[in-house]
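Common to both upcoming complexes is chain A, partnered first by chain B, then by chain C.
Coming up: the complex of A and B.
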């Protein structure tokens, strides 16, 4: 009888906290979408009435559109470099148990542990000392270092699921190394590259610490622009920008799900 | 896999290795070197910057607050994520996919956007204040933004996915029959959780704790926007000392001390968990 009661309390507590977590996960996204459709001049919640005026306002705000475009360009170049360099490294390291391979893998993963601020400051100091001026290129370099671990992790997982016998077969049947890579390896790890590239893109687009230190005065990225606006005033246009970002992220997530089975790859990595 | 491989196999990793050497290893070595200069003009080698940090109560307080913030957020996230993960593994495929989407969406949405949402929720005219005022529970708007509690709450929500994903992974790996066996043998659900599920999913919980701790301690955007100007934490302190005051040696020392603290605590939690799981094996 007593056990029955404690079981019920346990289930109730677990259910209640889980419900709170779900609400907590969902609420901010909903809040952003709702407040972005306000007709008012402030972030007062709930909005006095509905309007798309702040979205329209965005098109007349070059001070927001230009950083958005810059962020997009930085993220695209970063994704390209991370995907190429990271996939190549993952292919070389994922199945290699040698000491030097483990060491390299640890090195490539360390930007995830190291506070990005410390790394960005260190790269800025080196640029200062050897006299390299900050530019778009220095920014992409910094972003690539912090984004490449995502590609290595996800491509590495895909490589580990790849049956090495397939490659051996192809080679022993007379296919060249390049042909084997193109027709056997690449299609089988594509899902990992897509997922890793997506996460690298999003984390570059979202990155602040690196851009804070490594962007020159002319290169202004979106998250830092938004941060600067929010530090000063509560501009409702930020809500509209946020709305756009949420919707685009949602589209990206759905694309990744249909193309590569993102949620399945989370389930799979566990079994 | 154990067969020795020709060294040429590592060649594809070479380009990235060179990039890392030039743009990651070298800068970190330079950071250490610069932190050892006594003046901002890079004159005279000495450990002066580190002594200055250790002798300055303000700096020590900033470090302690940052570590505390990381730990508090990690524990809050753990408490929220366990039930979520338990519900996930107990659900069917449809609800599972829905929950994963719900967890991934905030993880992939920009941090500034998520932080902005919390400004709307916690602000003076925000959701919490207007709800409390209209319900008559509060007489005047409370100061939720720019408060420690608000910061912990916002960061907990923002980093919750980092806790939920490793927990779900290790719960999925757990053989569900074990918990059922424990219950079948007469253990209550609470006891089955404490004696079977909790110890066996400890690695996932530890992984989550480490991720959330490191993310919360270094979350510059959320710390500055939700914490406001009065709560000074290590990331904004480093930013202020470098880009603001341009005291590069002190900023370098601060970054290294902060890095050492974060990695030290991550290693300590990791070691603690290894000891706990070893104890479990012995039992």
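Coming up: the complex of A and C.
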């Protein structure tokens, strides 16, 4: 009896904490989606009545569409570079226990630990010293440096799970190093690359600190533009942008799951 | 020495494929640690060789050197008289079956078998035909579209072997091929793989720490210990005429009894209290401490004293079906096991009994003190 009661209290407490966490995580997303569908002129919750007018409004606002397109471009380039560089680093370092490898790993991971503000300011100063003018390229470079760690970690985890005997076996069957990489290593770490790439994309897309320091005057990215709009007025279009981003992110997650996951990469389970 | 083995090899030579492998003074060191001393080994075409030894004996190192994953520190490896120790692994055309099969998890059974052929850019039609042929050979035809995960251990092993054979290898290497299988399945797979390798006629080398596996599979066994070859011989010869105390203890079960040679040539006084008269051609010198090896099946347990019998007390009786193993202890405190059919008298724990040696010519004597015991056939 005693034990039953204490068990029930335990389950109740754990359940309550879990429910609170889920609510806290979901609430902002739900609230912003609801507000974005208001017919009113302000960010008022709950909305007086429903309408999709702000979503239509978005497509008539070049001052939002242009930064959105820029952000998309920056994020795509960043994803490409991060995926290539991060995967290469992970392949070289994940199974290497030497001191140099550990040191390099810590170095590559440092942008994740350092405050982004401090890091961005430092990079800006470096560009200044060596005389590189800010541009789209410097922005992508900054984003890549802070996004690479995500790829290194996720691909690293995939490399850890890759049995090195498979590579040895491929060589013993007469395959070259390149063929082995293409047919064995790459397919088996694809999940890690896709997952890392997705996180890199998302974190680049809503990155503020790096963009704040490293974008030139002509390059305006979406998060900074949104911030600028909110400073001036509580524009409902900001909520609509958030709504679009939430939906696109969900689509992205589904795509990543189909691309890197299930399909054929590990075969259907025997059950 | 190997007359029976060489004639058998000679008989199969006409149909045998693959290469003759020659190792000359092959040695390897990891830093200051010597893993392999100086290995000399000649393998004939179509022969099935087992590298046998306890863990750390250097057998895996030797396999890696032959496969080309490791460069030997010393010595030469050659196939059909051509040195290959500098040839990279992917140019050696060696079919390797790995310990846990190392099937590619993201490829189907058919794609796994085709892998080596595709890597060599063989034409598609030829690949298809060869894969079908190989799958038929290992009786896995209906499994071509499955993934390795969906197969049992024995099926995975068949696929691994088909994949290794598909590249038409000059040599097949098998690394602890049965260690991942259930005990029940093991014997079936041993029979199957042995007959498959023999029907292909390909030269094969397997590594194992399991003496039963080596005895049942190999034409000849290379017994390795601490990086050195203890003996190379046929399974029967290793069992009947072990060259050293180590081989005697490692191959099959053996009882070792302490003794001392007496002044009279060919006689040994056992500590257990019995005098043996050996009839060997090469009796050990007088007044030396020796180890006498007697196989459990070379002893018979009787209920009363007989001339030249060893007095013992029965400790444990283990009925193992067709025969029983009886663990006894001698007056000198040495443990000794007897294996005999249940029909013969087996006594009960605590009973006094006597052991009679059945065939004195199968008793081996090793000098106890020397580092490398010289064999003296009794």
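Keep this in mind: the second predicted complex is superposed on the first by the 247 of 271 C-alpha atoms of A that agree within 3 Å, B and C clash if a C-alpha of one lies under 4 Å from a C-alpha of the other, contacts with A are read in each partner's own complex, and residues count from 1 in each chain.
Note that a residue touches a chain if its C-beta (ideal position, glycine included) is under 8 Å from a C-beta of that chain, and two chains touch if they have at least 3 such contacts.
Everything quoted here is computed from the prediction, not taken from an experiment.
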item	value
Contacts of A:216 with chain B and chain C, given as first, second, both or neither	neither
Which superposed partner A:163 touches (first chain B, second chain C, both, neither)	second
Which of chain B and chain C A:98 touches, first, second, both or neither	first
Partner chain in contact with A:63 - chain B first, chain C second, else both or neither	neither
Superposed model, chain A: greater residue contact from chain B or chain C	B
Partner chain in contact with A:171 - chain B first, chain C second, else both or neither	second
Which superposed partner A:183 touches (first chain B, second chain C, both, neither)	second
Common ground on chain A, meaning residues reached by chain C in one complex and by chain B in the other	266-267, 269-270
Chain C residues touching chain A - in the complex, by the definition given at the top	67-69, 88-91, 93-96, 98, 100, 102, 104-106, 115-116, 118-120, 147-150, 163-164, 167
Touching residues on chain A, where the partner in the complex is chain C	163, 165-166, 168-176, 179, 183-184, 187-188, 264-270
Chain A - residues contacting chain B, complex	3, 6-7, 9-11, 13-18, 20-22, 24-29, 31-32, 35, 42-46, 85-86, 88-89, 91-93, 95-98, 100-101, 104, 107-108, 110-111, 113-119, 121-126, 129, 141-142, 144-145, 148, 199, 202, 205-206, 208-209, 212-213, 223, 226-227, 230-231, 234, 238-239, 242, 245-246, 249-250, 252-253, 257, 262-263, 266-267, 269-271
Residues of chain B touching chain A in the complex	1-2, 5, 9-13, 15-17, 19-20, 23-28, 30-31, 34, 79-84, 86-87, 96-97, 99-106, 108-121, 123, 125-127, 130, 156-157, 160-161, 164-165, 168-170, 172-173, 188-190, 193, 214, 217-218, 220-221, 224-225, 235, 238-239, 242-243, 248, 251-252, 255-256, 258-259, 262-263, 266
